[in-house]
Structures are given as structure tokens and as C-alpha cells.
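Same chain, two partners: chain A is paired with chain B first, then with chain C.
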Partner chain A sequence: MDSKLLKPVLAVYVAAFILFLYGPFIVLGILSFQQGPEGGPQFPIIEWSTYWYRHLFGLTPPSRIAPLPVGEALLRSLTLAFMTMVTATVLGVMAAQAFRRRFKGAGIVFYLIVLGMMVPGVLTGLGTSLLANNVVGVERHWWTTAFVAHVVYTFPFAFLVMLAILNRFDGSVEEAAWSLGVSPARTFRKVTFPLIFPGVLSAMLFAFTLSFDEFPRTLFASGRDQTLPLAIYGTFSVEIHPNIFAFGVMTTLFSFSLLAIYGILMGLSVRRAKKIAMQEDIS
Partner chain B sequence: MAYDLQLKNVGKVYDNGTPAVIDFNLDVEKGEFIAFLGPSGCGKSTTLRMISGFESVTTGDLLIRGQRVNDQPPEKRPTSMIFQNYALFPHMNVRQNVRFGLEVKGLPRDEADRKVDGILDKLGLLDISEMPTGRLSGGQRQRIALARSLVVEPDILLLDEPLGALDANLRKSIQNELKLLQRELGITFVFVTHAQSEALALSDRIIVMNAGRIEQISPPRELYTRPQSAFVARFIGSNTIIPGTVVTTAGQTITLDTPFGAISGTNRIDIAHTKGERMSIVLPAEAVELIPGETDESELRGRFGSNVIPCKIERLQVIGHIMQMLVRLENGDTINTEGHVDKYRGRLTVGAPAYVAWLPGGATMIA
Partner chain C sequence: MSTTAPSTERNGYTSWLLAPGVFWMILFLVAPIMMIVYVSFWTQTTFAINSTLTLDSWKNFFSSEAYVGALWTTLRLWLIVLALTFIIGYPAALFVGLLVKSKTVSTVLLVLCVIPFWTSFLIRVLAWRPMLGKEGAINIILQELGLIDSPIEVLLFSELSVIIGMTQIYVVFMVGPIAFMLGRIDRNIIEAARDLGAGFGRIFWKIIFPLSLPGVVVGAIFVSVMVLGEFATSGALSGRKVNLLGNIIVTQVGSLKWAMASVVGVILTILLGIVVAGFLRIVDLKSEL
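And now, the complex of A and B:
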């Protein structure tokens, strides 16, 4: 294609992409500074204020607008995301490790695992709760059925990340350790794991963020105590006030700080990975 | 005699049914330097990996110091392996790399430290012992791999193309070091390579492999001068193979009838061969003399018997002190020959007629 035409087209495309990606967040961010408590969730901004942020933390005088019932839900979601992250990452690492050797039925097992991220979430959620209620006899809770549904959903992501990492992993360092008389278990702890750690971090990030804002699976599977996305959705159905937006801004900032932690840890590992790369260049 | 390493009818068949190693028999004495030599895919690395325990043995028995180790995992075997890419632990510095194998041996801390220092010193690595391995040169990394493997005091050191990643000069110097080290330590070395010069320079015995089978087991000199099969003759050195039929057998010397008349060579395999049998004669490049065409042929026949063939000089090439010559026979075949430059300089011209000639003792008969 003519590059004279291609460049502007691509520029417009990227601009549109960025607009759709960040536009909602920017609108949300602006509206969160609406005047309170009378100001509504729409333009124009009557007067800039941090009222809704204070409202969020219960620092405003009582008004007709109830504080967001998110405190416990937030804690629940964080705990659930953490549990999911640990479980899915451990499973993902182990499964990917197993796939380094060809075994009978490897292809089928692969697709069975990956199915977890393909099937419609509502079905998984509904299915999990039906299974728990009617077959297994487990009560529906965010830490039982929803937890299982979350792990089933995030495990394939962790698995695929680890599969890609282990694909590039040079197994001869493990063989070298074994041949020195070091047991496979210790070799994994001391050699393999430190070297695949950047991948493990990525898998953890995937699992945590996916679980944290999971909606369709949790909707049916979480039982009576709601997770954060459900609690927020619940407030929508009554009336929308800018406190939701303030809360959205806060959670986004929280996500960014997670990303920052990830970035720092990754930076440390990448510096090490660069050394490895250099080593490979020489050899 | 107790052997350090024995392979008895060892075979390896991969899961998909491809045989990788077939009926491998070998006894290795303690302190021997053994080389597995062959083209890639001949099964030499697979055999090494079976000895180390990384590959399972399909058939036969693998014994280390008289003990059957077929079912022992690699970490339980008294072997240690050096990899072509060295496989150093990138997240550890030099000392940590070397110390890693000792940490599970349950040695007192100061004894382990002493051993690590000792081997670092021996291999000249003390100065860089606290450095990360990433920025070190190939030669240094090679030495770290050696130190790491030797510090755990294996009975057998396995080396998988350990010099393959080094440049030519470094390869030579590390070759020498390796040989000295092996002499000094008295450890059995099993060395895999596809470079004949390495195998010939380093080892006490060379096992030439082809398509999963052993072609020949010989000390280097013998392997070089007395190949036992056409494969070895083609793989080692620079040989010309001329087929023919047996005319006479006189002691060690067999005479063949060939398109170039009756020519003779040494029967190494010591089996009586009957008249009319198909055999070939192997002419090593350095055993063949090239003689300018103006020489009197009957005088040559006096010296070389019937082993004189007229030819035309096709190419002359001087590499250092060696003159490499290619000649074309009357039937279009070519023969490689070489010799010291001083012997040939100024006496030969490309395109001129000449003779190739050899003494029967220099040529080897193969079936």
C-alpha cells in the first residue's frame, strides 16, 4: 500500500483506538469531581469538588444518598482475587511443566484446559452453582463456587503464559543440575523457578486482574455475599451518583499501582534475563 | 578387570519407533579418554545421554563400576556432564555455580569452601569467582562448567561437544588443558564430538559411530591409518577408495585387480580372502606419493611394485607446510594426496602428466 496513505490511516486508527480505550475513563474521571450532593452523573460540571471522594470514605455529613456498600465487597474481591491468583498460578506452572514432555492425550488435555477461558462465563457460573447445589451439595459462596469458577477461568491464562515461558526455557541447565547430583525437586526450586519467575509474575498479574473484575461467572456462583463488581452493579440498578465514578477512579488507580509493582519486579527480572541473553550470545 | 564403564548390547529406540542406538558394546577402563565420533544423528549424543541418565536405555545393560545403573536417575549416578552451551546457572555467580553441586552433598561448610577454592584455583578462576557468568568469555565459561562438574568428584566425566562453541585458537588451548587435566585427575572422560581432529588429538580410543551402530573402536593412530570400513575411510582423514577383486593374498598383502591394473595394500582384518572376492583399497592422502611424469616408470615399478598409476595433475594447493594435490586418473576418477611442501615445491605443474604411487604397507584393504 502507498505509505503516504497508509500512515494517516494508521494514525487515525490508533487515535480512535486510544480514544475508545481511555475516553470512558476520562469522562468518568471528570464527572467524579462533580459538585455534591446535588450534582448528578452528567455534564455540565456545576462546580469542581472532591465531595464524592469524601463521600466514599464516609467523610461527608449524612445526606439522602447512602454511602456505597462496597467496603466488605472490596475486601471479599481482593481476597478472592488473591486466592485465585495463587491457585491458578500454581496450577498453571505445574500444568505447563507437565507439557514440557509429550504425553499421551496431551492435545486433548491442552484444549480441555484452554476451554476454561472459551466457554461463556454465564454458563460456567450457572453450571458451577447448579453442580455445587444439586450434585456435590456445597453451599454457594464467593469462597467456594465462585472461587472454583474463577480458578477455572484464570488457570488457562496462567497456563498459556507459563507454556510460552517454558517453551523458550533451555532445559540443559536443569540437566546440568541433575548431573551434579541435585534432586529434581531442589533443581526446580533453585534453578528452574528463579529463571521462570518473570513468567510467573505475568501469570499472577493475569490471574489477579481477571478474577478481581470478573462478573458473569460470579453472578450466579457467588451466593449471597457479593463481590465488588456485583456490588457496584447492584447500586446501578437503583440510581447512579458520581460516587460510583469516584470509586471507579480509585479502583483504576489501584490497578495502576498493581501494574507498577509488576513493572518494578519485572524490571528486576528482565535485568537478569538480559544477562542470560548476553550469555547466550557469547556461547 | 573391573571397568569404570560398560555398555552391553545397549540399544535405544525412541517412542516413535526410530532406533537411535543399536547393539552398543564397550568396556572402558578407569582413566581412559574415550571419544564418540560420528556425523550428527549417528547416535553418539544419545549414547552419552543414556550414560548420564537423561535418556532411558531400551535394551541391554549399562554398568558403572560394575553396578547396573539402567534404572538410576541422573542425580544418583556418579557421572557429571559438560554441555555444549555449558548450561551455567545464569542467576548465580561463578562461585555459586561451582558450589551448587556440593551443597547437597552434606559436607561441612569449610570443607566445601576448600574444595571450591581448590578447583577454582586449579582452573584459574579465582580472580573472577565473584563475577556473574553472563559477561565472561567462552573459554572462561567452559572452565566454569568444568570446575562445576569436577568439584563433585564424578567417576566419569561426560562431555557433549564441549569445544564446539569456541573459536579455533581457544579450542586448541582448551584441548590441551583438557588432556592435561584428565591425565592429572585420572578420571574417565567420555567425549562426544563430530570433529575428528579433537577426537584424534585427545582420546585414548575413538568409537566411530554411524547410523546408530559402532563402525570401529581403535586408538587414534590406528583409526587414522587403518580404517576398517568404507564409512570410516571416508569420515576420517582424506582417503581414496578404489574397489576391485582379489587376485592374490600373500601374508598381510592383498593384491586386487582394478581398472588400473593390479594394485596392493595391507590386509588388516587378518581374514583370508579368496580369489575373486570384491574388496576395496583405501589410499590415505599422505601415503600416496606424487611423482612427476618424466620419471622412468620401470624405476618406479622397482620401488612401488605394481602400485603405480599414471595421472594428470589437476590442482595444487599449499596450506602452511602441507601441499595438497588433486590428480585425475585416466578413467576420470580423482585421488587426493598430500605431503610436505619441501618435498614437492617446484617439481610439479598443473596439467602435467604424473604418477601416483604407494607402498603396500601404506594402503589398507577393506571388505
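And now, the complex of A and C:
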């Protein structure tokens, strides 16, 4: 086959591929502007309206369609994601820092950590709830059992991100600090951490978004109170209305604003690093 | 002496750094999985469970048509989705990773593929409903084009809808690693082969494909692990008609049948172990990456 022909053909293919990835989302977005409350979750659009968005925030007169139970669930999910983010990032930075030096059993420890992201959520969820229910005898809550399961899932991501960053990191600056008699802890705070901060930011973004969206582990391990994904899942079994589409659009916007914040912070830290480097060059 | 003292101090430093993470994983990952194996041999009564060891749940699993059927459904769906993600994903990865000359365009395309990953998984599953339904977008478009007279009903709440949904959700995990490996191929090798008169087909099968194989394996492992552990997509898009091993676990836990849920959990774990080990035999990832 001629490669001159191949490239345009594949370009068209990739366009179709991206349409395949985004198609359902575009349809969902369009249908979220369906007329309410009579308009159903399908075409045609009877009349364009923002009814379902107002419905989501409780700004519409009461109708037969109950508002989504998202208020408290959102708060829980945000808290859980924040707790997970902090714990997973701290564990990830520590473990990756340890991996910069050779030590016995490094291979086993590496696989043990990576296992956390590879084992399907349905298994970790089941195991965690078995352990809590039948051995330890504690009640399952989103802030106890679900939290530890979330960290098991996100810690490997934080660890791998940090490992990639630290691999490219020049150790001689630290050695300089050590040889000047600065303690390892202080060296880490004053020298290493500022240099690896972009990596830490990425690890935090991973941990937060993965936990915020986590579903299978939470389903088993969270007990009575619902997190946001559980609340969404609850609506699956009943008849769906365009309010869940409007909600999908809102969560997507939320994810994108997280990405934007990450991008801004990243840009700022890179610029600061450049500034410092330039100052050093001048002096 | 001056050399040994800091070294032992640093060794202590290393273990202190590792201890919290390792303990966390042993307590909350290894112990729970051990627990699944252990509980699969417990005795199940109607509403309770006790630690008298028995093989009853295992016998129940293999004598029930529904449970063994779920095992076969899981295997079948896994193979279909794996094949589809590879067939659909590889050409896209080929374009993004190898054929696009500009680094910026390639990055932009890759980011475009990854962006849906940042949105809610459940919303992505749900988004297929207005697409595939009887009055869904696909049926409407096909009818407008005059390709069909009456809506295709098999599109939603069938095995087909689960396959379509899973393929769309997981194909990105195939594209990413393959594009990464393709991006690392030295273009001079391809140029040299072309100068020596090799056609594209020959270059592809002799150079490009073998060099991208580690990416294929990593992608296949990602897709396999996620599809085998699935239950949400099959539950939401099949109208409970398609039952995977994951769905059995969810319903068993829902009716407090912990022992049976554990049996299914162990079978799933063994299945995953075999699949991942099998893929790792194809290429030695450690030397390739």
C-alpha cells in the first residue's frame, strides 16, 4: 500500500475516531437543553430551554420529577477526594523518594504498590468490606473503609508520577546540601520539594480526580451514605430524565475547571523555576 | 567509619519512607484479597455467615448454570472488546504516534483522546443511552438517511450496547501505550528501509509492528483488567440482561451472600492472573520500557 495515500485516509479515520469518542457526549449535551418538565431524554428537542439546569439547582417549581439527591453527596465526594489526595500524594512522594536509592526487595515493593491500581475495584471493594464486616467488625463509611480503598487505588498513580519526576532529577544539588551539613529532612523541604513541585501537583490532580470519580470500590465499601458517583448510579435503575444529562454537563465542566486550575498552577511554577534559573545565571 | 555511618543512617531513612505505604498496601490490599480467598470457604446460611470451612459455595458455583454462564459471558465479552479496542485503536495510534510529523499536532490529538478520561465514568456510560435507544440519535440519523425503515431495537439493552459502550470507554487505554511506543521508533530505520525499496506493508510488518508490540501488550493488559472487572457498563446498558462475574458479585453482596460473592471474586482473581501473566510472556516489558 502506498504511504502517500495512507496518511490522508488515516487522518479521516482519526477524525471519525474522535467523533466516536465524543459523539455520545455531544448528544448528551444537546439533550440537556430539552424542554422541561414534559420533554423526555430523547430527540426531538421540543423546545430549547435551560429548565433541567434550573431543576438541578432547585430553581424550578416542584414537579413529578424529583430533584437529584446530589447536594450532600457532592460535599461528601469533595471531602473524600481531598482526604484521598493528601494521603495518596504524601505516601507517593515518600515511596518514590525511597526508590531513588537501591535497596533489597525493591522489585517486590514496586509490584506491591502498582498492584493497587491493577486490581479491579470490584475485588478491592469486596475484600475491604469483608475485612471490615467479618473480621474487624466496624461499620462501613465513606470516610473510613471507602477512604482506605481510595488511597489503595490512587497511591500507585501518585507514586508512578513521582518516580518519573525523580528519575529525571539531578541529585547533585541535594548532595551539595548534605555535604554542607544540612539534615535530610531539611534538605528535602528546602531543596528537593520546590524542584519536584510540578510533579507533586500532577500527583495531586490524579489522586483527586480518580477519587472524585471512583465508583466500584465506593459501592462496596462506603456503607449507607452516598457519594456522588453512587447517587448517579442510583438514578440508572429508575427512569432517566434530562436532569441527569444536565448534571453530566456540569460535572464535565467541573473536571475541566480542575484541569484549568492545574494548568495555571503548573504554568506559574514553571515560570518561577525559570526566573530562579535566570537569576542564578546573572549572578 | 565516616563512610558507613551515613550509609546506615540513609538505610534507616529509606525504610521510614517506605514503611507507611507498604503497610497501607498490606493491610488494605493484600489482606482484603486474602480475605476473599478465605471467606469463599466459609459456611453460608440464609442471613449470616460463619467461619466453618466448607466447599459448598464452590460446588454451588460450578453446578449453577447462571454462574458458569456468567463466566463464559465475561470471557466472550472480554475477547470481543479486547479485539475491538485493538482493531479500532491501532490505526488511530499509528496516525498520532508515527505519521503526524508535527510534535504539537500529535500532542493535541493525544490530549483530545485523553480528555474524556477526566470526566465521570458513569456519565460516559449513561451518555450511550440517548445515542443507542429506539428513539436515539443513531436510529434517527439512519432513518433520516433512508438506510433503515424501522428503528433497530437491538442497539440498546443488549450485549451489543455493552460492547459498544465498553469499546468507546476503554479504547483510549489501547491508543495511549501504542502511540507512545510508535513515537519512540527511530525514523531513520524506516527511511533506510524505504530507500532500500521496501513497500509500506513490508515496513509495517517487519519494523513498525514488532517495535510497537510492547505498547500493544501494555494496552491489552489495561483493557483486560478493566473489562474483566466491569459491572457498571453491563448493568446500565444491558438492562440487566448481560451478567458478568462483576454483576454476580454485586448482586450476591446485595443479598448478603458473602461466601458466593467471594467464590466469584477468587475466580475473577485467578482469571486476571492468567491473562496478565500470559500477556507478559509475549514481551519482556522490563527490558523494553
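Here is the rule we go by: the second predicted complex is superposed on the first by the 267 of 283 C-alpha atoms of A that agree within 3 Å, B and C clash if a C-alpha of one lies under 4 Å from a C-alpha of the other, contacts with A are read in each partner's own complex, and residues count from 1 in each chain.
As a convention for this text, contacts are C-beta pairs under 8 Å (C-beta built on N, C-alpha and C of every residue); 3 or more make two chains touch, one makes a residue touch a chain.
Worth saying up front: this structure is predicted, and the values here are computed from it rather than measured.
Undergrad: What is the contact status of A:Q42 with respect to chain B (first) and chain C (second): first, second, both, or neither?
TA: Touch partner of A:Q42: chain C, not chain B.
Undergrad: Is A:F215 contacted by the first partner chain B, the second partner chain C, both or neither?
TA: Once the two structures are laid over each other on A, A:F215 reaches chain C alone.
Undergrad: Could you tell me if A:V119 is touching chain B, chain C, both of them or neither one (first, second, both, neither)?
TA: The answer is second: A:V119 touches chain C but not chain B.
Undergrad: Based on the superposed arrangement, let me know which partner A:A203 touches: chain B (first), chain C (second), both, or neither?
TA: After superposing on A, A:A203 lies clear of both chain B and chain C.
Undergrad: For A:F103, decide between first (touching chain B), second (touching chain C), both and neither.
TA: So A:F103 only meets chain C here.
Undergrad: If we overlay the two complexes on their shared chain A, which of chain B and chain C does A:G181 touch? Say first, second, both or neither.
TA: first
Undergrad: Please work out whether A:P194 is in contact with chain B alone, chain C alone, both, or neither, and reply first, second, both or neither.
TA: First partner only, chain B.
Undergrad: Of the two partners chain B and chain C, indicate the one touching more residues belonging to chain A.
TA: Partner touching more chain A residues in the overlay: C.
Undergrad: Residue by residue on chain A, keep only those touching chain B in one complex and chain C in the other, then list them.
TA: 184
Undergrad: Sort out for me which residues of chain A touch chain C in the complex.
TA: So the residues of chain A touching chain C come out as 1-3, 6-7, 10-11, 13-14, 17-18, 20-25, 27-28, 31, 41-43, 91-92, 94-95, 97-98, 101, 103, 109, 112-113, 115-116, 118-124, 126-131, 133-135, 148-149, 151-152, 155, 159, 184, 209, 213, 215-216, 219-220, 229, 232-233, 236, 240, 244-245, 247-248, 251-252, 255-256, 258-259.
Undergrad: Per the contact definition, I'd like the list of chain B residues that touch chain A in the complex.
TA: 15, 52-54, 73-77, 79-81, 83, 85-91, 100-101, 103-105, 132-138, 141, 145, 148-149, 152, 158, 165
Undergrad: In the complex of these two chains, what residues of chain C are touching chain A?
TA: Listed in rising order, the residues of chain C that touch chain A are 10-11, 13-15, 17-18, 20-22, 24-36, 39, 49, 88, 91-92, 94-96, 99, 109, 112-113, 116, 118-124, 126-131, 133, 135-137, 140, 168, 171-172, 199-201, 221, 225-226, 228-232, 235-236, 246, 249-250, 253, 258, 261-262, 265, 268-269, 272, 276.
Undergrad: Can you check the complex and tell me which residues of chain A touch chain B?
TA: So the residues of chain A touching chain B come out as 102, 170, 172-173, 175-184, 186, 190-191, 194-195, 272, 275-276, 278-280, 282-283.
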